[in-house]
Amino acid sequence: MKGEIFDKQRVISFSDAVFSIAITLLVLDIVAPTYKELKAADTLQILQNRIPSIIGLIVSFIVIALYWVAHMRIMKYVSTINKKILRYNIFLLFFIVLLPFSTAFYVRGFMLKGPFAFYCFNLSAIGFFNYLLNIYIPKKEKGLTGITSVLAKYFKYRALIAFIIWVLAGIFAFLLPMFARLLFLFIFILEAILVKIYKKKLISEKTIV
Amino acid sequence: MKGEIFDKQRVISFSDAVFSIAITLLVLDIVAPTYKELKAADTLQILQNRIPSIIGLIVSFIVIALYWVAHMRIMKYVSTINKKILRYNIFLLFFIVLLPFSTAFYVRGFMLKGPFAFYCFNLSAIGFFNYLLNIYIPKKEKGLTGITSVLAKYFKYRALIAFIIWVLAGIFAFLLPMFARLLFLFIFILEAILVKIYKKKLISEKTIV
Amino acid sequence: MKGEIFDKQRVISFSDAVFSIAITLLVLDIVAPTYKELKAADTLQILQNRIPSIIGLIVSFIVIALYWVAHMRIMKYVSTINKKILRYNIFLLFFIVLLPFSTAFYVRGFMLKGPFAFYCFNLSAIGFFNYLLNIYIPKKEKGLTGITSVLAKYFKYRALIAFIIWVLAGIFAFLLPMFARLLFLFIFILEAILVKIYKKKLISEKTIV
Amino acid sequence: MKGEIFDKQRVISFSDAVFSIAITLLVLDIVAPTYKELKAADTLQILQNRIPSIIGLIVSFIVIALYWVAHMRIMKYVSTINKKILRYNIFLLFFIVLLPFSTAFYVRGFMLKGPFAFYCFNLSAIGFFNYLLNIYIPKKEKGLTGITSVLAKYFKYRALIAFIIWVLAGIFAFLLPMFARLLFLFIFILEAILVKIYKKKLISEKTIV
């Protein structure tokens, strides 16, 4: 029903639990060697065979950790959880839950275009609902919980960068495969630029992010 | 012992943890493709082969998420956890824990009647204990925690709708298989009607749900 | 170092998380049918083949749930977590973590004596550390947190019953296998007797358990 | 952005969740016997075949439990979570998440040098980030949250011991395999000595650790 308000503490602890379980389940995808493999190969070879799995674990671990940090960052400014925030949050968590599968799919077909594009689709879906939270919450709270209009813009662009880069990576997966796989580096570059632009403004407003 | 009271905070956080683990374990049922499958099929075909699994994930994810929301909704009005609430809650969690198995069973036998009926049985068992919580808590709290008699009725019927629809879906699984699979849509229709009926009454009582 | 005190809130939430994960992992042991099995057998037969797994899930679910309830019950009376409580608690959690394995072992060898005895050993180990917590905490708190000497005795015997019954079940597994498997029913009978004995005393003390 | 502060409660509950999930996932590595194995071997033989797995579970369980205790110990003295603490904490959790894989790898190649060295590498990586937290937090808090300079030194050396021992165990894995496997016992010996040295100083300062 409209106007309904949910327990913020529970929404946050449920989200934290989903983030933490998904991040820990990632390890299940790195298969322990069989006795046969242990006889045929030494430790370095066994680890070499798992390079795609290990890259997958590292990338997805960083992605989940960063979205969890983003979740902490924006939820700090929420006064009450209404139905819309709850819904966006549940969709966000759905794509977090899907990530261990996407990671495993991408890792198995490490050199293929399709699985990588699917992985990018998953990441951009997470990015999309994070973006929705980051534009809706400042609008809802109207500056009363400490989000100034400058901070709101900073949050918006920050969320937008990750979303767009993963969409682009998904598209370029088919056109320029190697470029697509390095595209995520632009997230860090663009975020660094964003921080540079907004730092002064935020300090002059005395807003500590 | 009768009259015993339990730590509400712990009961809620334990429940949240079980909900979140069950919802995240669902992804384990979508099997990552083998190298053999990756060679024989392209990404779209691989995803097509997983349509039952993905539908299973989506449906069960939504189901668990909605019962978690229902749990938040009713627990807001609980002052103390007595033995009866604790027991209903543990039974509810048992059938939440069972859901990843029921989902996998239903997904494997996607076109079969039996596995779908078993899945409906699991969902109606969750619905049943949710219903028990929704009728017992208003009775126990006697309006002192903010549940008016109108709100109590609204909660009761809301919980009843989902329970009855899943029981019916389980029965119709054998009589009208395709109809049974679409029956869950009635939950949303009936809930929309219920909201329409109770909205005015709840507003006139100044009860924000 | 002696005298060190730990964050009670964290110890409890960590314990709750371990209890809830172990209880949810139990479902992984009920294997979803393969396509081959689905073709050869109908739903009832498939479920019949899983009767040991389902019994294992139900029994271990109840056991973990009851020890979690016991944990809530005794921890309510703890003022501070010292090293000794922390240690007993970690040992208790170790045997909770082991339970999904013991359950799977017992379920696979459902009619065998050894696996059942191992399962009983696991349950009695959980019971043992629960017992240690139930005798140490009243001694440590010296009645200051609300544990009267009558209540302390009630807690002690209650914890003792479950421990002894599982030890006996493990021993009788080799002597009277069928009797051993029904022995756990005595836990409920003896607890009911215990409640009868202590109820009046506790009420006369105005101690609501 | 520099100066950003994160929700301490969420960082701690997320960490607790990761610790507890990793510690519980360890059990998945002890494989339940197949029906074939159950027919060919009795319970004792089956358990004997799992001695490496069980040792792996016990060692890794203790390791995770001890680092969780260390996490509780140091986090008690943190006033606010800044970016640096958050980052160290996320790296620490990464290597906690990796541990179920390292444990499985080490257990499968129980008598081999390489897998054991990899396991030691994982443990020393955990130890390294624990060490960074233990030297950074006292520096950041400047004694305001109760860490005296004596206590800071005690924390530093305590974290250093475990880190160095696991590095050494990794190196000796190739030179003196049997010695390397017993080296961890020095952690307990050196910590006992450390406690002896610092006990008086801490008591004279009235610092209860």
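Descriptive notes on the structure:
All chains are identified by letter, namely A, B, C and D, in their written order; residue positions are counted from 1 within each chain.
Everything below uses one rule, namely that a residue touches a chain if its C-beta (ideal position, glycine included) is under 8 Å from a C-beta of that chain, and two chains touch if they have at least 3 such contacts.
If you want to know which protein each chain is, UniProt gives these names: A, B, C, D = TMEM175 family protein.
This one's a predicted model, so the numbers in the text were calculated from it and none came from an experiment.
Common neighbours of chain C and chain D: there are none. Where chain B touches chain C, under half of the residue numbers in use are shared by the two copies, so each contributes mostly different positions.
With centres taken as mean Cα positions, chain C sits 38 Å from chain A. Put simply, the C-alpha centre of chain A and that of chain D have 27 angstrom between them. Looking at chain C, residues 13, 17, 21, 28 sit in touch with two or more other chains. Shown here, the protein chains touch around one cycle, each chain meeting exactly two partners. Across the whole structure, chains are in contact as follows: A-B, A-D, B-C, C-D. The part of chain A that touches chain B in the complex is made up of residues 1, 3-7, 10-11, 13-14, 17-18, 21-22, 25, 28-29, 86, 90, 93-94, 97-98, 100-101, 104-105, 107-109, 112-115, 117-118. Chain B makes touch with chain A in their complex at residues 12-13, 16-17, 19-21, 23-24, 26-28, 30, 32-35, 38, 42-44, 46-47, 57-58, 61, 65, 68-69, 72-73, 75-76, 195, 198-199, 202, 208-209.
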